[in-house]
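Quick heads-up: structures coming right below.
Two complexes, one shared chain (chain A), two partners (chain B, chain C).
And then the complex of A and B:
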């Protein structure tokens, strides 16, 4: 097997390998770097990843590897340091990183001094501070001070490159990650580096706005604070927020993300790498979809339009359901709700002798692309379909309501009126039980019982994306009231990269009085006297995974952080 | 460069300037298009042709405002942003309208020592403009540039990205301006190097009419 020696440790490898830099990073050998990004070409322009590289020396005549008196291979090092990001690895290569070479340490330090010459060092007012590769690496590998005694170059500041991205050209180190993103990944070709030498900076050419639907990705990949979000600028420092790994729900792709929360408000959404779903990227829609979690939330359950307690809400819903014939009830599941919630709803329908729930399709033709946005604007249509739910047809549903065939409409986390499934008039004389996220829900004014539902950032659950990838969501913020499962999950899933334990999460501000479906649906069932244990979502998925072939293997532990690909429906494994 | 060192401010370029040329004017002739196609075929990928096409456009339109850069990008078949990046990288591509003749006076190390700034200041007072400006009659633009690789014949200047005029003195500058005013291109004068004179019997170029034998370099007034 081929081998490579890095700082005296020998690593074996086989087959094609990434660049030396990535090879090291994959083995947790840290090498400082800025311009290299695993998804893009390596221009090797930041010069931060320098290492010493050598090959065993061979005897010219015999071709034998030469050894010194002590029997060690003689290594001939390149006279200059090499950039590890653009170096391919080959058998026998010997590498010295900053961990073993003074020369490399010195070079990295000097390089950082150069990078910082014209950098404004305005970290105290910079959004990137706290998770800034330049700040971190300057701290770890950089010089103690600068020897540059002249005025720093002033460049354009707070320039709106487009509607969502702001440039501070002084902070830019010209790594070209952002321009490479637009030319290699999104292919919008909206950015370029203009001018030359100390005067250069990234910019759109005249007459062009940086408005592509994936523009905000450059904010994450910018290794300094040169590109910031118009939306998030100056709202919070990273260390004041906690981040929770989850998925986004504006469409059926289920891109992996982090929800950043401060005082129980979601403030920003950033991508989380998952090579099976969204790789490193996240659409702008997905990033800006957080206000509905914070604002426009209902104050609590209502009965006949009046505020009520949860118990009264459950009791009234049970009363309504218990007094009609099962076939005069219609259940609507939801492509916005988790598999668990929909499954419990199906159980409830079954116990009442009602047909399986249907669900509303949220397809907006043309809103998707071939990448991370789909025409389907709901996250879990696949999950509903796998549960055997069919799509509710507006042509049939409205007339059935109007024709007096249905006395009770039970809606899980959706809005039949605004989606056009039926009109408010159709609902005249129908008792509506509604689980809803937002006050602006247009079915809400017609609801006899309304039960505020926990949104994707407040619950535990499973969503199946358009490709059949089943993924878990985790609570990023707390809800009002005590729920042991949620509390445990919050504690377990907080990937706080910056926070300290017991801060932010548990302050009492901005807590929403809502319940996850897996609490409120059993709440209604139990008020009806039906036997539906208030169980936790993990147990529900375990049950589904073993009883329903469409969810085979989808247990919480199997899904973990990155989800699993379910087999096609009907396919036997 | 001096001003930039004292006051290093990079200004933001205008993001939506009004176009200078109308759509009717923004076309390449069939002959130019054929030329462009030929250049494109000469590189492994078409991107390579962009520099020549920008050059062609500059000769045709006089300078390269954004709409002309976009035209060249479309013609070559590369993104506008890439062409714009290339055009702004090279100072020899004029993004702003210049005078008919652009005088690029070298003030880099060797020329500076040999009086590059003396020449520059002489031209400033002679033309009545400051460096970076254009004369009212639109004839001359004066610019300061870094080393043009003719240090052996310092001080020197270049006329509109073309002709080198070397071994400059006030008299030579006067003559140059006269020639240009008359609408003529100055004859290229080859200035030989000392070693040519000493060792190679002059080493005259066979393709050049005017010669001047190497002489000791002048020394800048300020250095003196």
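And then the complex of A and C:
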């Protein structure tokens, strides 16, 4: 097997390998770097990842590796330091990093001194501070001070590159990650470097706005605070927020993300690397989809338009459901709700002798692309289909309501009126029981009983994306009231475990009075006297994974951080 | 093996040297005059004679020991052999680097003006030797007049059938494209030249892969300097043996010396390599202006290390000797400075140039060139500090060899060697280093 020696440690490898830098990073050998990004080409322009590289010296005639008197291989080192990001790995390579070489340590320090001479060092007001590669690496590998005694170069500040991205050219260290993103990843070619020498910075070509649907990715990959989000700038420092790994729900791709929460309000959404789903990236509309978690939320359950308690809501819903024939109830599941919630709804329908729930399709043809945005604007249509739900057809559903065939409409976390499934006229004389996320839900004014539902950032659940990838969501913020499952999960999921001292996540003011579907659906069922124990979603999913072949193996432990690929449904039908 | 400057000219009987690159023929730039002088005959012979197979042409160039005239002095024939075997499905390119912009260098311009057909013929022969179907001439953007001039001549060459499809009835086809450069010094660096030619921003590429493996648009490419290619027809006409006998043994051939500065007759002179610097100044360029004393010589363009008057004694203009003397041959663009020259001001101008021309890709060069200029300017204005000199040398060490291309080295060498060799002058400009808190040094009346 081929071997490579890094700082006197021997690593064996087989087959094609990434660059030396990635090889080291994969083995938790830290090498400072700025311009290198695993998804893009390596221009080797930041010159930070310098290492010493040598090869065993071979006898020119025999080709044998030469050995010294003590039997050690004679290593010939390159006279220059090499950038590890552009260096390929070959058998016998000997590498000295900053951990074992003074030369490398010195070179890395020199380079950081250069990087900082024209950097404004405005960390106290910079959004990137706290998770800034330049800041971190300057502390770790940089010089103690600077010998630069001149006026720093001044370059344009707060330039609006596009509707969502703002540039501070002085902070830029010209790593070209952003321009390479637009030329190699998104292929929009909307950014280029302008000017020369210390004056250069990324800019859009004349007359072009940086408005591609993935523009905000350059904010994450920027190793300094040069590119910031128009939306998030100056809202919160990174250490004031807690982050929770989860998925986004604006479309059926289920891109992995972190929800950043402060005082129980979601402030921003950033991508989370999952090579099976979204790789390193996240679409702009996914990132900006957080206000509906904070604002426009219902104050609590209502009965006949009047505020009520949860118990009264459940009782009234049970009363309605218990007094009609099962055939005259229609259940609508939801492509916005988790698999668990939909499954419990199906159980309720089954116990009442009603046909299996249907769900509303949220397809907007042409709104997606072939990357991270799908035409289907709901996160879990695939999960509904796997539960055996059929798509509710507006041509059939409205007339049935109007024709008086249905007395009760039970809607789980969706909006039949705004989606055009039926009109508000159709619902006259129909009792509507509605679990809803937002006050702007147009079915809400017609609801007899409304039960506020926990959104994706407040619940635990499973979503199946368009490719059949089942992934868990975790609670990023708390809801009003005590729920043991959520309380335990919120602590377990957060990267910082308990929230930072600046983030008062139990802050009463911002707690929403809502319940996850896996609490409120059994609440209604139990009020009806049906046997449906309020179990936690983990147990529900474990039950589904063992009983329904469409969810085979999809237990919480199997899904973990990155989800699992379910088998095709076609195979089991 | 160390070659000590011998004090002997290696140029032989240079006073009777017959010029071949720029022969004294009136209107040589015109096609008919060039042909009347035997031009394009070598190319005709190469196409029609069985002896001149493409490998034989390369072999002849290798035998001539022709070394690149663009500054690095890499053996030309060897470079040609790096091209991969011909594959009909893979395009391959030749690029003539005419982006001459090193301060102190102005020789390629003369060739393009007075003997462009020699360059065209050299390109055709190189294309023939490497089976290349497309050749680019990347001309510095500021040379607008020379581009017009060459394009007019190239039209005539096309009309005559020396370029194009099935040249002179043979199997060999090639096209020559004159490309106007994008106006930056960095475009002369071969890998950024390729980027610039492709219509991108000129950023030097990481090597390897070298141009012969992955060049223009990712295809095998050979890049040669104008003067290098101009030597090729001469080598084939008179033989590699003849070429290798001219001038210095390991760096032979006729060469264009661009002499500028405080001499009586600055200009471009064609002589063999291995000329004594003193001969070039005193005999060729007519001696120092106004009878002043020589102070310093920069032998090969502004980036090559400066030599003091004391250091040039017996030094000849060829790569090996100059290396041993502590400098480089570079492009042969010699800057001659007399005793009145303010060396600090000169260095300030040079650092300004490299600061202005750094492409900004690599950190040490982007930041370092500006910093160097800052400090040198401060010293020139009398505001410098003695410790600045050590800082300058330190910064040079932080830049040299740490970047993608050699611009950082080119920017650092003048600073390092000028300070090393003229330190007293810099120190005289600086304020003495002060112990912090001990600044009350002025005499109180």
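By our rule, the second predicted complex is superposed on the first by the 563 of 573 C-alpha atoms of A that agree within 3 Å, B and C clash if a C-alpha of one lies under 4 Å from a C-alpha of the other, contacts with A are read in each partner's own complex, and residues count from 1 in each chain.
Methods note: contacts are C-beta pairs under 8 Å (C-beta built on N, C-alpha and C of every residue); 3 or more make two chains touch, one makes a residue touch a chain.
Note that this is a predicted model, so its numbers are computed, not measured.
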Following the superposition defined at the top, how do chain B and chain C come out on chain A, clash or fit? clash
First (chain B), second (chain C), both or neither touched by A:150: both
Thinking of the overlay built on chain A, is A:198 touched by chain B (first), by chain C (second), by both, or by neither? both
One more residue to check, A:42. First (chain B), second (chain C), both or neither? second
Could you say whether A:211 touches chain B, chain C, both of them, or neither, answering first, second, both or neither? neither
Between chain B and chain C, whom does A:467 touch in the aligned arrangement: first, second, both, or neither? neither
Per the contact definition in the header, classify A:350: touching chain B only (first), chain C only (second), both, or neither. neither
One more residue to check, A:190. First (chain B), second (chain C), both or neither? first
Classify the contacts of A:312 with the two partner chains as first (chain B alone), second (chain C alone), both, or neither. neither
Between chain B (first) and chain C (second), which does A:263 come into contact with in this model arrangement: first, second, both, or neither? neither
Chain B/chain C common contact set on chain A: 150, 153, 192-193, 195-196, 198-200
Show which residues of chain A lie in contact with chain B when the two form their complex. 150-156, 159, 169, 179, 182-183, 189-196, 198-201, 203-208
In the complex, chain A touches chain C at residues 42-48, 50, 79-81, 83, 86, 107, 110-111, 113-115, 117-118, 147-148, 150, 153, 173-174, 176, 192-193, 195-200
Chain A partner contacts - residues on chain C that touch it in the complex: 184, 201, 203, 206, 355-364, 366-371, 374, 378, 391, 398, 401-404
For chain B, which residues are in contact with chain A within the complex? 5-17, 66, 69-70, 79-85, 88-91
